[in-house]
Amino acid sequence: MIGLLVGAPLLGAAVLLCGGRRLDRAGHWLACLLSGASFVIGVLFFLDMLGRSGDDRSLHSHLWSWVPVEGFQADVAFQLDQLSMTFVLLITGVGTLIHIYSVGYMEHDPRRRRFFGYLNLFLAAMLLLVLADNYLLLYVGWEGVGLASYLLIGFWQDKPSAAAAAKKAFLVNRVGDAGLAIAIFLMFTTFGSFAFAPVLSSATDASEGKLTAVGLMLLLAACGKSAQVPLQSWLGDAMEGPTPVSALIHAATMVTAGVYLITRSGAIFNAAPDAQTVVVVVGAVTLLFGAIVGCAKDDIKKALAGSTMSQIGYMILAAGLGPIGYAFAIMHLVTHGFFKAGLFLGAGSVMHGMNDEVNMRHYGGLRKHMPVTFVTFGLGYLAIIGFPGLSGFFSKDQIIEAAFAKGGTQGWILGAVTLLGAAITAYYMTRVMAMTFFGEKRWKPDAEGNEPHPHESPRSMTIPMVVLAFGSVFAGGLFKFNESFVNWLEPVTQFEHGHSPLSATAVTSATVVALVIGVGAAWLQYGRRTVPSVAPRGSLLTRAARRDLLQDDFNHIVLVNGGTYLTRSLVYADNKVVDGAVNGTAATFGGLSGRLRRLQNGFARSYAVSMFGGAAVLIAATLLMRAV
Amino acid sequence: MSFPLLTVTALVPAVGAVATAAVPAAKRTAAKWLALLFSLATLVLAAVVLAGFDPGGDRYQMTESRAWIADFGVRYELGVDGIGAVMIALTALLIPFVIGAGWNDADADEDADGAAGSGAPGGGGPAAGGVKSRWRPTQGFFALILAVEAMVVISFAATDVFLFYIFFEAMLIPMYFLIGGFGDKAHAAGEEEGAKQRSYAAVKFLLYNLAGGLIMLAAVIGLYVASADQLGEGTFSLQQLTQARASGDFSLADNTERLLFLGFFLAFAVKAPLWPLHTWLPNAMGEATAPVAVLITAVVDKVGTFAMLRFCLGLFPGASQWATPVVIVLALISIIYGALLAVGQRDIKRLVAYASISHFGFIVLGIFAMTSQGQGGATLYMVFHGISTAALMLVAGFLISRRGSRLIADYGGVQKVAPVLAGTFLVGGLATLSLPGLAPFISEFLVLAGTFSRYPVAGIVATAGIILAALYVLLLYQRTMTGPVEKPEIRRMPDLKVRELAVVTPLIALLVVLGLFPKPLTQIVNPAVEHTMSDVQKKDPKPQHPVADHGWFDYKPAKHSGGDHE
Amino acid sequence: MNTLAATSTSTGEAVQFWVLGTVAVLGGLGTVLMRRAVHSALCLAATMIILAMFYLANGAYFLGVVQIVVYTGAVMMLFLFVLMLVGVSAADSLKETLKGQRWLALGCALGLGILLIAGIGQASVGSFTGLGAANAEGNVPALATLLFTKYVVAFEVVGALLTVAAVGATLLTHRERIEKTKSQREQAEERVRGGKQLPPLPAPGVYARHNAVDRPGLLPDGTPAAISVSSTLRERGQIREVSTEQMASLAALEQRTAEYHGQPTTPQGPTAEAEGDSAPEPEEAAK
Amino acid sequence: MSPINYVYLAALLFTIGASGVLVRRNAIVVFMSIELMLNAANLTLVAFSRMHGNLDGQVMAFFVMVVAAAEVVVGLAIIVMLYRSRHSASVDDASLMKL
């Protein structure tokens, strides 16, 4: 049965991608249907699970033995516990909504069938990732989502920038994948297995050094998939893909896979405090990094991408805190899934109405033209900045509290960073909001003289936005109510109450203060003043942030240029040195034989001399042999 | 003696080669169908071999043994273990696709002869141009392919070292003509330069392999002498030698064993090819037509890696272990070096060739890691690499035949005009970069895991290879398939035809099916790997903290006492 | 000699060996060193005859006779025939043309000789059996018995070889006449077309003192006409030069005759032109 | 005197013949030198035949003579051919047998 969860979208992908043009007309509805079916099955499982007690909720289904090699047992087997269930519902739920949204968004694209095929493929891979009962199968899903992401980012392949972005995303992810692969090897050599159950239950047997190595490798994998520093560079470029893709893959689901991985491998991280520290550091750095980048971008999707990076930084940080943070990481993940998907869909809706213009400096005053989008986007905005009462408030507040609860200097630093992050979040989101929906209209006719006529998007697009807005508003409260979410996850992730040096009220107040400061600053800068149509030069930090804090430049100079130089010189060396050595040998023999050839002068008497000389030598040799 | 199945399996393509060659010049199409028919018959026989192989039975099955050159103890001995059976099946499987993909490849030569008469620049092959009635390119092309198949099958089945050697070397002859005689007419510098490059490539191929082979001949003779010294009667029989070694009658002095090992290994390392003996492969694969390139890398070169497993490890276990560190370093260099060079290539086919060098590095790494995962993975790798490279290379061949150029820069935006071609190309590429879910992933992962468990550093370095693999495949795809359509030749490019689809689809289906369900293969391969492991007297390293065989339901996370949330 | 083993031969044989052996070696040297092939051949024949004697001395009576009949008689005659075809009296230049060949040859020959002699010295035996028993019923019957029993196959093969050699030699030297024989008219036309000498060739040796065939005749102006000498001689370079004194005396004779007839004398004599004109100047005139 | 002296003599003659082959350019003289070498070999055979007391050596010598005769016939025919085509009997003139 669990297989059906994965099977339904997989079937959709197979049918749509192999089916040919016949499916052009109805293919997208088939995709929505299968995605919805997967969601319904997920809900059925969820209801079934609720009917059982906490410790008894895990389901397991063994399909077939996959790679049976001596000492190496990998099975295709699924495991559905509370953690997976959470993801299944998020993935299929948001996924289905975005499928429906895409029907409208991609209406005029001739390759819509293929788009839906890829979306279904993504769902299948993502579900496989969260349902796998061992790391190897997880790895399949892990790369599967990478592939889907590659295909979808590069969906508009005739744009060279899209193709390049897709390749970049896949490559950077591959670096992370290599980390995951090495982690699996380490588990295999340490435990002789890489299924969750045996490895996690005996994790404490292994030495801490091993576990730290495993943990760091898993973190590398998580960094790749979740766009954390230092492997974050692909996420901004990934915005080349269609907006629903950005919403689903690069905001709500795939990029959170890293958080899932770390939470799932909690037992390993718990036993390797050093690795945990690194996780926390990575989370904290990315949190600020993404937020700063988000402040500087004028492209609405890239600003949101920076935000995504930053929010996942929060999650990773929470996951790095250990049992006091896992549940909050996942909780933030779910609420983020709602509001960030909603924000992206809103951005897509804006672009839809603005002839695919992405520069916020050319928006302005759209609230009158797109009321539904404005309201849903606004609710998402309030949720993400952590407006009290909305879902972001609950989940983020918990994380900040847990950060303080880490204890010691670390706790204070982390707490301060998360608070600072909250303030910057409020700042950049207010900036987005103000530049897009408030102020004067700033759009102009484009090069062909078409002036955009902002209009509300069709029903198929607005409904998913409304649904997600509901989620953004209420999910947090629901989860927080009676600690229901924490209790739900506790059997899998364990939970430990952090003891914060500050009282919960103090933390909440601090958060609210940070929020007010951020919103106020942005409002002063962008809400009250007119926004210039052309970006001002800005401070050094702004300029650096616009260029992703120079990370891309670093990559370009060190990796791309260096790599190009390396490969060029190797190609040269292969021709000249390796092949040259062989050719040189050949030439030497050629020259030698050219010399020897002169002995063949055609004079019979010369040959006779060699003959007699040879005979003499033979006789001499015989005599010598006899003498010896 | 029962029905000589293996002999017949090799004989069918041999007969097919003769029959195809004998078809009159005018009936080209008949020759093609005849060749396809014979290759399919071979496939059926190979399937029977695979089906008839009993994984629980003897090490070598379907054995045949007849005296051949009695004076030197040379016997006609055939027999397959699991690895051999699988490799024969791979060979028989790929040849029909090679024939199908090369359906029209030789016609160009035919037409060139007809049109240009005496001055035809058509190929550096034997007697190009002029004597049309004698030189029948189509018949020759398919007959040579079948001849190669027959020899490869015998090589995989031979358990007599001398017999193996003969066919190992004889294979070079048809391959030489296939490389030198038929090209894809897509050389950047014109056809004349192309013909020159082609004959250069063919000669290079021949010289490299011949040099390796001759050194091996010396070692073969050395082995015979050593066995004659110790057993009283010289023998080349692998089974006899292994048995004698097991019973202690036959043991080589360290130095002798090492020298003999080197002799064998060098020949196989040229064939495989291992860095730094690899430079013939890009030339050969670049100049030959795509089907022939597939034949080289997916079939013929596999004999090299297969022989390392069967002969190097089987005959010289001590020396193999002695050489392991060096071989592993060479394999690692091959992996990284091949991948880096693939990134730097401008020519599609040479790119695939360098990718293959990288992959052969993985195979050798798996073999010499001397763990059951590594060797099992290496064997699977041979099969899966054969299929995946065939898929990628054949589609690349279709692409090249449409545009008449091998340079990556001449493409761009193909995806828009020929989506099916681009899609299949992408799948082939993804298989090459070992995407999970496709077959090569399993083998690569096994090799890496097997290597890592004994040599962690080597495992990590090799893992870097998978990142580079993604780089070269995606760069190739990006440059050829994506982007705007700018060139008029590409705007007119047709999508895959039915014949081409018929060639590619089964390969892709196989990649997917074997990627999800490789069990039938692993079952056959596993016992053979165990035998090899016992030959070299190596045991898998034990995990430091082996886990009990937990079922999932046994797992309950430890309760933390500090949880006061309830 | 009836003893089965002896250590030395009779003194007579020893004397014969030393004397004839010396001659044989001289003959061998002569063969190699003589400049004229005919002399070489004669030296070789001498050596062969001596070898025949040695065969006889060694109890190989049949072979001794065969040596004389076949070798000295037939083979050497063949050599001489060929020599005559090619040119009997042309002497070879002994100047070496190949660089270093002579030194190499010397080295090889010396080395080979020394090594051979050293080898024999190593293997030298004190006693020998002698052919007394083997030749008991006569050398020829004994040899015949061996030839027609033990070696009969080889004998037949050698016979076949001889036949084949004979046929082969015939084939080699035989020139098949493949074109139609030319008629006299055709020959004449060809001659005219080729600008060859049309009238009969001048006769040689008009003013010769001795064997006049190898002396060119003189043209009316007094110059010698090389064309008058047979082409074979010309090819071998065996034309005798008409010496200057002779030319001078010839001129004097002409002078006298003219005076006698009271004719005016020609101011230029043939002498001046004889030097420049005596066409194919033989490399080495015979003395 | 020991009959081994005949063998020494034969060695001497053989060497002389060999040097003749190497030094002389006239094909006929070269041929004669070869004959000299063959004769030297024959002398050895005959001498050994006597020393061993059986006639096999003489039979061999006989065969050598016959083969030599055959060889002379063919060889001289070749020389004649050569002379006809090149108007020279020098072995150095036939030097086209090279690369």
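Remarks
As written, the chains take the letters A, B, C and D, and residue 1 is the first residue of each chain.
Going forward, a contact is a pair of C-beta atoms (placed from the backbone, for glycine too) under 8 Å apart; a residue touches a chain by one contact, two chains touch by 3 or more.
Per UniProt, the chains are B = NADH-quinone oxidoreductase subunit M; C = NADH-quinone oxidoreductase subunit J; D = NADH-quinone oxidoreductase subunit K.
Please read these numbers as outputs of a predicted model, since none were measured by experiment.
Touching chain A and chain C together: D. For chain pairs A-D and C-D, the one joined by more C-beta pairs in contact is C-D. Chain centres here are Cα averages; for chain B and chain C they lie 71 Å apart. If you average the Cα atoms of chain A and of chain D, the two centres end up 93 Å apart. A straight line joining the Cα centres of chain C and chain D is 16 Å long.
A separation of 36 Å divides the Cα centre of chain A from that of chain B.
Residues of chain D in contact with at least two other chains: 18, 22-23, 25, 92. Multi-chain contact residues of chain A (touching two or more other chains): 603, 605, 609, 612. Inter-chain contacts, as defined above, occur between A-B, A-C, A-D, C-D. Note for the complex: chain A touches chain B at residues 17, 55, 58, 60, 64-72, 76-77, 79, 133, 136, 139-140, 142-144, 147, 150, 154, 157-160, 162-164, 166-167, 170-171, 174-175, 177-178, 181-182, 184-186, 188-193, 195-202, 205-207, 210, 267, 323, 483, 486-487, 490-497, 563, 566-568, 570-571, 574, 578-579, 581-582, 586. Residues 4, 7-9, 13-14, 17, 21, 24-25, 28-29, 31-32, 37, 40-41, 44, 47-48, 51, 54-55, 58-60, 62-63, 66-67, 70-71, 74-75, 78-79, 82-83, 85-86, 92, 96-98, 101-102, 104-106, 108-110, 112-113, 116-117, 120, 124-126, 128-135, 139, 142-143, 146-147, 150-151, 154-155, 158, 161-162, 164-166, 168-170, 172-173, 235 of chain C are the ones touching chain D in the complex.
Touching chain C in their complex are the following residues of chain D: 1-9, 11-20, 22-26, 28-29, 31-33, 35-36, 39, 42-43, 46-47, 49-56, 58-59, 61-63, 65-74, 76-81, 83, 87, 89, 92. Within the complex formed with chain A, the residues of chain C that make contact are 98, 101, 104-105, 107-109, 111-112, 115-116, 118-119, 122. If you check the complex, the residues on chain A that touch chain D are 597, 600-605, 608-609, 612.
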